[in-house]
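Per-chain numbering from 1; labels A, B, C and D assigned in written order.
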Amino acid sequence: MELSRLRTEVLEANLELVRRGLVVYTWGNASGIDRETGLVAIKPSGVSYEKMTADDIVVCDLDGKIVEGCLKPSSDLDTHLELYREFPTIGGVVHTHSKFATAWAQAGRSIPAFGTTHADYFYGPVPVTEELTPEEIGGDYVLNTGKAIVRRFRDLDPAAVPAVLVAGHAPFCWGKSPAEAAYHAVVLETVASMAFYTTLLSPDAPGVSQALLDRHYLRKHGAHATYGQK
Amino acid sequence: MELSRLRTEVLEANLELVRRGLVVYTWGNASGIDRETGLVAIKPSGVSYEKMTADDIVVCDLDGKIVEGCLKPSSDLDTHLELYREFPTIGGVVHTHSKFATAWAQAGRSIPAFGTTHADYFYGPVPVTEELTPEEIGGDYVLNTGKAIVRRFRDLDPAAVPAVLVAGHAPFCWGKSPAEAAYHAVVLETVASMAFYTTLLSPDAPGVSQALLDRHYLRKHGAHATYGQK
Amino acid sequence: MELSRLRTEVLEANLELVRRGLVVYTWGNASGIDRETGLVAIKPSGVSYEKMTADDIVVCDLDGKIVEGCLKPSSDLDTHLELYREFPTIGGVVHTHSKFATAWAQAGRSIPAFGTTHADYFYGPVPVTEELTPEEIGGDYVLNTGKAIVRRFRDLDPAAVPAVLVAGHAPFCWGKSPAEAAYHAVVLETVASMAFYTTLLSPDAPGVSQALLDRHYLRKHGAHATYGQK
Amino acid sequence: MELSRLRTEVLEANLELVRRGLVVYTWGNASGIDRETGLVAIKPSGVSYEKMTADDIVVCDLDGKIVEGCLKPSSDLDTHLELYREFPTIGGVVHTHSKFATAWAQAGRSIPAFGTTHADYFYGPVPVTEELTPEEIGGDYVLNTGKAIVRRFRDLDPAAVPAVLVAGHAPFCWGKSPAEAAYHAVVLETVASMAFYTTLLSPDAPGVSQALLDRHYLRKHGAHATYGQK
C-alpha cells in the first residue's frame, strides 16, 4: 500500500470520530498499519481536527521511529504499537473518550452482551483491563497500557472482540482497517449506552444466551455469514 | 398500487428512520406490502442509506420469492413476512435498534403505559416476547422471531398495539403503511425514553388508569376520533 | 391588538417549540389571548409545523366559539380556555410532551426547586395535579384537565409558578405572552432534566433554601429586579 | 493588551459556550482580564448571543467601575471580580448552567476524579462550595458567591483545579485566558456527564489512584508535559 493512501485512510478515520460525536476537542486518535512494510500512520498529538490534513499524519515503524512527518505523533502511540505487534490480524486502532464507554471503564465494569446489537459485533462481553499498578503508571505508562490490554486478551481473540476498556481510562477499538476500527468505536459507544440503560432497568439482566450470541455473531462474521451483499 | 410507488414509499420510510436518528449505519429496515397482489417491498441488506434509491428496494412475494430487484433483501425479511401473513390489517413493518426501546427489550421488560403520550398510540403496554429457545435460534431463526411476535399477540390486537419488543434483541413496529410503521417507531422510541426516566423517578409508578387509556387511545382512533382535521 | 398580529405571535411560539426540540410531530400547541377583546388564537389540530402559516391559526372567543379560521382548533383548546378564564394575568399558554417534564408528570411527582436555575423562573416546586377521576375523564375531559390545574393553583400564584404537570399526562406552561409561555416551556424542560439528574445523584437533596429561592426569583421579577438591561 | 482585543476574546468565549451547547438563552457569561491594566471585560446582562458584538462587551476595573460600554454588565460580575482579585494567575472566568455540572452542584456533591479524562484537566475532585447562609444571600449575594468559592480553595490551587461547583447553583470555571476558561467549561460538562453515568453504574467507584492522577495531570501540565506540539 502506498503511504499516501494509508495516511489518507488514517485521516479519514480520525475525522469519522468527530462526525459521529465520539471526540471532544482532540481527545481521540486513529492509526493504521501497512502490514507489508510494518509502517504505522497515526494522528499527530494535540492538533485540531478542523485543520488536520493527510500531510500532518505521522508515519513511524513498529518501534516508534519516525519515518515521515514533521509533527509529534499522538501521545498514545506506544499503546497503538503494542497492539499492532501483539495482534497481528488487525490493521487499524482507534482510541476515544466517548462518554458511555468511558463511564463503563471508569466504573471498572465489562460491558455485558445484553443483546443482539452487541452480539453482531462483539462475541462476548467487552472486557475491562486490570488497573495498572503504580509501578506500571510511573514507568513506561503508555506502553504498559498496551501491555495491560494484551494481557487481558490472553484467552480472548481480538478479532472476535475488537474493543477493550482500559480501567479508569477509556476504550480502545481495532479492526482490519482504520475505517473498521472507527466503525467499531461507534458501535461500542452505542452498545455502551444501551447497556447502561439496560442495567438501570434491570440490574440483574442475564444477557443473551450462548445460542443467540453465536447466531448473531456468526451471521455477520466467518465463512457462513449471511448479512450484506456478499 | 404500482410497484414503483410501493418501492418509493418503502425507500421514504427507511430514510425517515435515519432522519429521526433511530438507526446507526444500516441497523434498521422498513418494508411495505401491496395487499392486492401480496407483494412485499423491503430494504436491501447492508446497503448504506446515503446511496439507496428506490431501484435498490427488493420486491418479493409472501413466501420470500424475489420478484424484482438484483440485491439481497434485508436479512430480517422472514420476520417481516411472518407479520404480514399473520397480521392481515397491517401495510408496513419497521425494525430498528433504537436505543431506549432496545434497552427495554434487553432488560426483558414490557414498556408500561405510563402516560397519555403512550396511550395516544398504544392501547396498553408494549409487550416483550418470550426469549427464543436454543432450538428456535438454531433453526429458522429469523422466521422464528416473527413467530414469537405472533405468539405474543395471541390475545392482543396488532392494530391497537402496533409495536413489540423482541427479548434480547430490539423493537419491531407496524402500521397501515410503511410511513405509519416508521411513525410508530419514532413514537415508540420517544415513549421508551420517557418510560425509562419515569421508572427511575418512581419505580412503582402505577401507569395510567383504564379510563385515561381508553380516553386517549379512542380520541385518536376508531369511529369517534376527535383529533386532527377529519 | 390586531388579530393578524396575535396569530403571528401564536404561530411563532408554536414554531419555537419545534426549534427547541420540545415537540415530536404535532405533539404540542401554543395559544395567545387578546385581553381587550377576549379572543384566543390557537394552533389547529394535527397540522404539521412545516406547513403551518399564520392563516391556519384558529381564533375563537373564551367560550370556544370559532371567530376566524377554517380549521379545527387544537383538541386541547378547552384546557387553554379554562386557564385564560381563571388566570386573568396570563397572555399565552403552551402545552408540550417534552421528555423530562413528561417523565415527572408520569411519575406523579412535583419538580422540586433544586437550584437557582429553577428559582430564577419558578418560585417554588412545579406542582403536579391530582389524577383525574374516571368521571372527569369520561366527562368533559379536556375542560376537566383545565379545572384540575386551576384547583391545584388554589393557593399558588400562576404568575409566580408559570407551569404545571398534569399527572399521567404532560406539562402546561403559561406567560404574559405566547412567546413567554414558550420560553417557560423551554426552561421547564431544562429544569426537569437537571432535577432528574440531581435526584439520581442525591435522592434526598433538600433543594434550595427559602433565602436563595427568594433571592433568585426576586432578582429577575418584581419591582426590584436587577437582571437585564432595564 | 489592547482593550478591543480583550473584548473580542471575551465575545468569542461567550459564543463558544453557545456553540458547544452549554448555555440556554442567556444563562452564561464569560469574562477576561488584562493583568497589566487590571481591566476586566465581561458579557452584558441579558443580551441575546445572536445579536452580541464586541462593542456590547462591558469593560470595568477590578472594583466594578465601568470604564467602557453603555450596557449593564452581567449580573454575576461581582463573582468574576472576586475571582480575579483572589486568583492572580487566572485570565478568564466562565459561568454556565450546563446540565450535568449543575446537577452535581444541586446535589451538593463534588465531582470525583473517576478517570483520566478528568485527571487530564483537574488535579483532584471538582469541589462544591458550602451553601451560603441566609445572611450571605440576603447581603451582597453575588460577591459572597465569589467569597464562598475563594474560601473553598483555601487549600487548593486554582491553577490545578480550574473549576468549582457553587452549591445549589451551578459551575464557575477559569483559565489563563477567556478561551481557556470556556474550554474548561466544556471539559467540566463532559466530565460531569461521565461521572454521573459512572456513579450510577458503580456507586462505590473508587476513582483514579494518586499515581494515575499524577501521571495524567502532569502529562499535560507543568515543566515535564509531553502532550501536544511543544
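As a convention for this text, a contact is a pair of C-beta atoms (placed from the backbone, for glycine too) under 8 Å apart; a residue touches a chain by one contact, two chains touch by 3 or more.
Owing to the predicted nature of the structure, the values given are computational and were not obtained by experimental measurement.
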(request) Treat each pair of touching chains as one step and give the shortest count from chain A to chain C. (result) 2
(request) Pick same or different for copies chain B and chain C, depending on whether their interface residues overlap by over half. (result) different
(message) Using only Cα atoms, superpose chain A on chain B and state the rotation angle in degrees, rounded to the nearest 5.
(response) 90
(request) Could you please state the distance in Å, as a whole number, between where the Cα atoms of chain A are centred and where those of chain D are centred? (result) 33
(request) Would you pick out the residues of chain C that each touch at least 2 other chains? (result) 200
(message) Can you tell me, using the touch rule above, whether these chains form a line, ring, star, complete graph or other shape?
(response) ring
(message) If we count contacts the way the header does, which residues on chain B are in touch with chain A in the complex?
(response) 24-25, 27, 44-47, 71-72, 75, 97, 99-100, 102-109, 131-132, 134, 137-138, 141, 168-170, 196, 199-200
(message) Looking at the complex, which residues from chain B come into contact with chain C?
(response) 114-117, 183, 186-187, 190, 193-195, 197-198, 200-202, 205, 207-209, 211-212, 214-215, 219, 226-229
